[in-house]
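For reference, the structures are reproduced in the following blocks.
Below are two complexes that have subunit A in common, paired first with subunit B and then with subunit C.
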Partner chain A sequence: MLTETGGESSNMKASGVWMNNNNNNNNIEVEGEREVESPSSSGYVGERGSSGSVSSASGTDGIREVRDDGDAVVDDDDDGVNLVGDSQGEWIRGKRHADEDDASTSWRKRKKHFFILSHSGKPIYSRYGDEHKLAGFSATLQAIISFVENGGDRVKLVRAGKHQVIFLVKGPIYLVCISCTEEPYESLRGQLELLYGQMILILTRSVDRCFEKNPKFDMTPLLGGTDAVFSSLIHSFSQNPATFLHAYTCLPLAYATRQAAGAILQDVADTGVVFAILMCKDKKASLHPDDMLLLANFVMTSESFSPICLPRYNPMAFLYAYVHYLDVDTYLILLTASSQAFFHLKECRQVIRIESVLSKSNVLNEVQRSLSEGGLRIDDLPVDPSARSGSLFHLNQRRPSESVVAIGGPAGLLHFIYRSIYLDQYVSSEFASPISTPSQQKRLYRAYQRLYASMHDRGVGPHKTQYRRDENYVLLCWVTQDFELYAAFDPLADKGVAIRICNRVCQWVKDVETEIFLLGASSFSW
Partner chain B sequence: MASRRRTLLKVIILGDSGVGKTSLMNQYVNKKFSPQYKATIGADFLTKEVQSDDRLFTLQIWDTAGQERFQSLGVAFYRGADCCVLVYDVNVQKSFDNLNNWREEFLIQASPSDPENFPFVVLGNKVDVDGGNSRVVSEKKARAWCASKGNIPYFETSAKDGINVEEAFEVIAKNALKNEEEEIYLPDTIDVGNTSQPRASGCDC
Partner chain C sequence: MGLSSAANTTTTSEPLKLCIFDLRRGQHEGEELEKILFFFPADLPFPAQLSVVGLSEGLITFTRIFSPEAACEVIEAEMHSHVFFEAEPDIWMVMVVAKNKETEAIWRIEALRSVLKEIHSLFVMFHGSIRMLLDKEPGGGLIRSHLYTFIMDYLSDFLMGNKFLLPNFRDSLKERGTVQMLTVGREAAIEVQSLVGTLDSCMGNALGYSVILFQDLLVSTTLSPDDTVNLFSYGILRLTQRILSSGGSTWSYLRKGNASSHAESALDRLHGLQDGSSVRGDNFQILRPLQHGKWSKGKDGFLVTDIWGVEVGNLVPTTPTIWLQQTEHKMYLCAYQHKSLTIILLIPVTSMLNGEEGISMLKQQLLENASLKIHKVEEKLAKGWGGENAYHVKGYRYLLVDGDSNISRASPSGKVTTLTKESLLALNKVREDFDLERNRTKGDDLEICIRAKNNSWVIARAARGKQLYIVLEKANETLLYASEAVEKFSDRYCNGAFSLD
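Let's turn to the complex of A and B:
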């Protein structure tokens, strides 16, 4: 969990702050109330059995060039970056192309389909087209799954030309993805897991009981009006690295500000509030990183009270989420176990008090400032190790991101993602030229996603480093027990220099870690 | 979506091979008939939207293969069916005798919650053949069997001429709807005060 007050298991009270940047899709902040043991130590070694075996991964024992890594050539085709009708704004409204069915040419040309159906073959959700018109198609999917199951086996993946059909069976719920995006099997399977999690967040796994009693059970009416939630989740699969990293990201904030926000929320972690979460408007953040992602994706309206289930917390039962916007970008979520709590939470001191303390203590202003300034920028990477600064916020030198035309970082560095393994958090640099359009960003995310999958391939792994070059990028990945670094360089970048730059990035991240990570609330592992 | 509250009904068509299951379905859904016989492999699926009593619903029709070698697929295919259509050929005695087996097999494999009242419909097909002269199963005999199995509705059909097909499926849909039971979906709320917090038990995600 985020943070814990009281006994080990009796009180699951906790509080936190998540913030997310609306413009640049990867800033969230998490704030907990627990003291950071030692702000100067590297956060990842903190809480968890840092018995000394884990030596701090400082820059000195950094990555080295290993000859036999070689230059892997990746077949990086244009993997369908421009999905038909995948423009911003269109996806948010909900179901697209509801008039289509499996007989439509346009439907067949879609690059990535997602289906949810019941074990009797009744359709529950389809990304494209009308579920009822797809009843026959849905039945076919069930027949395939059941046919294999009949033989005491399980179908996981079917390849047909450029298409992959991925199956995921969750009790009475079947999930299927049909894709020609060339994403790895593991990534697509992970996306099906998240899709299932989103459904559980809305309904809990109580639906399993309905199917046990009555296999004819039709779930579709229960999910009425949630098309937009699923569409936006699917959209985020190619926009938000949290969907494959299983980590969340923090809004950069001065250490003191983050501490202040945490203290304020801790106060409310009382009187039946299980979690208090403060987020910025974007829906792309994450809880157990995955729960957080699904919760944030679910928040749609300005003020609401809604039952939600956190699949990693307890997939069988509901909590109640009260969502209250403090300003246009920032909202507070109070999660309570009481279905009667709406008026209590709305009327009573809690929200009003949090709101007033947050604004009096200047936290909201700092949040706004950080949102407009953006996160780590590759052109700010300190190249001279002696000129290091421990803060992003010194001397108010940070410029609003709009006014900056970045031209890439040193040595052809284009972008990076740094994921702290112990913190379940990641930080990624702001996008800069030449990766400036959504489709270029999507292509880079897909490349990272492939990199992630290949590094975590259980069959051949674990790997420590990977260096690959193709016509778009040089990609460098470095995995240690503490962190994972994914970096993209200009395709002409020099290997030795790129490796040196990666070491710099890691050093930089460590230097400013109190501002970009939430330390001390190390895990959501319930 | 405008009309979210729509019902989907899963209809299984069973019967010996060659009695005309696929032809009946084609006549009903596509208004077409082909004199060529092409055995169904495994199962075919067709969808038909129907309006009845101001309600819009979708029939998901599972046209199964009659050959015995496909019968192991039963459990998988029959699960969650809303209605089962038993078809025989009025010109083939054996196909009528087998109705009992098909019915029992279905009830065993699908194990519906209330087998006594599970909606079946029986269709005696191919009444057009030879002007009815090659007929071996009389309507009386068929109706008697249906009555003995809890008054199963009975229709004499011709997929070729489209006789009674529309009417039969109308009853199929109505009966499937009649049997529709609303499952109560009642999720729990997390009990935070309880020390024995169930922690994602049984969750394999």
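Let's turn to the complex of A and C:
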């Protein structure tokens, strides 16, 4: 969640508090490099989960679940203790299974590979295995792409049994995903786009020029140490709906609190800051939702000042991001165009005392409270349509998430995502117990991805309504001019009742929209 | 990986490329051409042909790294789709089609793959397996000339003017590789049963099979489902009364009664085929079972053709023979036609010790013992036949597929053409989605129901080995209404196979 103030250079726009904690951020795949020395480098650590049900189902300290697909999953406990010990070395290297290459059986069996290579076939990044050992493999990928290109065409997808190979060409940069995760082509292609965006965020598109000068240019040194950023992004592909919805999400806050936070950030407007963002916990969301996602994914240290590029804002230019953690969960990002602004911004923070004002005005406490209470819970869905709550913050309405184990909503409702089209924001319900484990959640997100891809088909979409039933779920989707609703039900749910429940969800979201969405802030001009 | 083997001169102008290659051949550098057993268009320069084969082989090898049990099935590029089918171990068929929205070249991969499957299974039915012919003549000349004539004859059915009309999104309510059944009343069914018994007894101890068609619909079969599909496909391509009376062939409603003979001559001109029942390519005698206009009805009601040659001396055409898929038995094919009724008898070659003589005796027996029954059955079926739109269900456009028995039923083509392009495109997509989903879950209980941009409902259901696809264009806007419409259809026409309760 975050508060954000933004605008074109000195044109500051209104702000509010955004939130992005709806995810199961206490179930994080271990992939990231840890800044061990930094106490608040909680970048990829899910601290307290926003949903008590999740914590209670999997809240054992540092359990590391290694599945047969090689996806290592850490279930952090409520104190945010991360696993220590044997696997630490691997963490710090920031890459798992670095000893593997394309000759290893284990490597071949990984469920989802990502590769970045140059147009001359030089490896730049591989999710698994040592890039240098994968030079031959990388050359093969390059050969496939250029062979089809020489024939006057462009390869997009190769399908073989459960496997898909997806290609994306971005100038001199080739990106390839090899996956048997059953995600649709459109989703995987979108993930490659984000992966490219993450690279641009670190380097800007001016790297293209290096390739113009020298086609055999070796990019790996430029990206040194950023493995963790890519791993974390790849991890979020199966954890964070923002990656396929292209929208961000906000922490529920009373309207007045968000207004107050926005006003506080507004004060830095005169200091050359392009955007000011107050974020919380795991990072998702962006200025353009995708930019915010990539930026949030990049942030990992307690206080830093780094050059970054927002690919959707301006892929050719660097901005400078000043990051400051206000507490374990909450951090402030100031974006400026000036590379000399570090001390100025540090000062600006002190001068305006954002920190103290935020905490005096109780914003930080409210943020913490909301974090512990979590987002929308399906078992709170008002069953009686006449009983509108109007607010999530009525007395006794919200409880600390640990005290509640949601058992699923009415009529077999398991989960929903509501996306407001104009606001570029979505709200996603907390997970109830039938989908409490990371693998269950991943499966649900993948089902949503298929639903999303099918609704938004490029040729014939968007469709208006979809009902989809398989052995796992009944899924319902509406796409209207104003919003999109994605809802998952038990596979035995009755169609008629499920439709009624969906209508209630929409009504509920509308009733509390001032608290779950950031209104009137995202008037950026691009 | 074969990728570097050829100069890449593929041009994007070819709307259709089709090739068959054998990965066991041409392993050495400079011998790559040996791999290619068939290529269309044949006049494409060799480097361009090798480039298609090289890419295909490269990706087969590449995908096996990750997916050893199922190699490359499709390559989607911006302008082309490459559809793969491993017809026999190491023998691959690859079809490359250009995409083009303006010319409605919008494809569903599985529909294209079913064309490849049909080519192969028909080929095997007439000539035996590709590997067998390769083993017979390792030089490859034999198989090449067989494949060439066979596939060119097959493709001629898709030729309109000088363009190939492959099954595109407009054919989404059809399922190639299935048979369409005639629904018969109880009384007629008993008559048919009795006729089948009589046919059996005509064949005596020969352990033969019979297939009965009425118009373009299957009435009865004693063959296995796979062999039935092959024979049925051949029947409606070349044998039924409608085909014979039209003097050439028809393929579908689009092409009804036109173009085909003209198409063939265009093809023949293009590729220098002689207008003979067999051609001698590379000194091999080649049967052309798919050649147009080669079947006719004799005075005695039996269908005759000289495709299989003529007996020296008496000018009596040789009886056709085919191979059964499962048993790999060679069978005589003997077809009899009375009005709209076509009866195909298959008799094992091994049980006919006296060959052609035995066949004439069998024919004689059939005329003596069965013709009365045949007439009676034809009359009954003709009376009960509801015409071209017999299986139209008002308000619905549908396709029902029974995957276990390879049977399908669909709205009549004429009715499907009333659907808007948008609905058909949405259906095509839903079918593609459904193909993937069925493949993914291996599940048999799936449902997708979409309200498209143009407000039509597109519904796909799978249950108990069956699939149902429905388009409702004039339906109410609620999902419940659409679901109810499907339930009604399921209860009335599918014995409730898709009903929820």
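The rule we apply is simple: the second predicted complex is superposed on the first by the 420 of 526 C-alpha atoms of A that agree within 3 Å, B and C clash if a C-alpha of one lies under 4 Å from a C-alpha of the other, contacts with A are read in each partner's own complex, and residues count from 1 in each chain.
Criterion: a residue touches a chain if its C-beta (ideal position, glycine included) is under 8 Å from a C-beta of that chain, and two chains touch if they have at least 3 such contacts.
In this text, all values refer to a predicted model and were calculated from it rather than measured experimentally.
Engineer: Name the contact category of A:Val229: first (subunit B only), second (subunit C only), both, or neither.
Structural biologist: neither
Engineer: So in the superposed three-chain picture, is A:Asn314 touching just subunit B, just subunit C, both, or none of them (first/second/both/neither)?
Structural biologist: first
Engineer: Now for A:His463: first (subunit B), second (subunit C), both, or neither, which partner does it touch?
Structural biologist: A:His463: touches subunit C, not subunit B.
Engineer: With the two structures laid over each other on chain A, which partner does A:Ala337 touch: subunit B (first), subunit C (second), both, or neither?
Structural biologist: first
Engineer: More subunit A residues touched by subunit B or by subunit C?
Structural biologist: Result: the larger residue contact count on subunit A belongs to B.
Engineer: I'd like to know which partner A:Ala242 touches here: subunit B for first, subunit C for second, both or neither.
Structural biologist: Neither partner.
Engineer: Let me test your reading of the model: by the given contact rule, A:Ala143 touches which partner, first (subunit B), second (subunit C), both or neither?
Structural biologist: In the superposition, A:Ala143 contacts both subunit B and subunit C.
Engineer: Scan A:Val155 for contacts with subunit B and subunit C and give back first, second, both or neither.
Structural biologist: Second partner only.
Engineer: Touch check for A:Cys180: first (subunit B), second (subunit C), both, or neither?
Structural biologist: second
Engineer: After overlaying the two complexes on chain A, where does the subunit B footprint on subunit A coincide with the subunit C footprint?
Structural biologist: 140, 143, 147, 150
Engineer: Could you pull out which subunit A residues touch subunit B in their complex?
Structural biologist: 9-13, 94-95, 98, 118-123, 132-140, 142-143, 146-147, 149-150, 170, 193, 196-197, 203-207, 210, 213-218, 220-222, 224-225, 227, 272, 274, 307, 309, 311-320, 337-339, 526
Engineer: Please output the residues of subunit B touching subunit A within their complex, sorted ascending.
Structural biologist: These residues of subunit B touch subunit A: 1, 4-8, 10, 42-43, 45-47, 49, 58, 60-62, 72-73, 75-77, 79-82, 110, 113, 180-181, 183-193, 195, 197-203, 205.
Engineer: Report the residues of subunit A in contact with subunit C in the complex, numbered from low to high.
Structural biologist: Checking each residue of subunit A against subunit C gives 102, 108, 140, 143-144, 147-148, 150-163, 165, 178, 180, 182, 184-185, 450, 454, 457, 459-471, 495-496, 499.
Engineer: Show me the residue ranges of subunit C that touch subunit A in the complex, using the header's touch definition.
Structural biologist: 1, 3-4, 8, 10-12, 51, 54-55, 58-59, 62-67, 69-80, 106, 422, 425-426, 429-430, 433, 436-437, 440-441, 443, 445-453, 455, 479-480, 483
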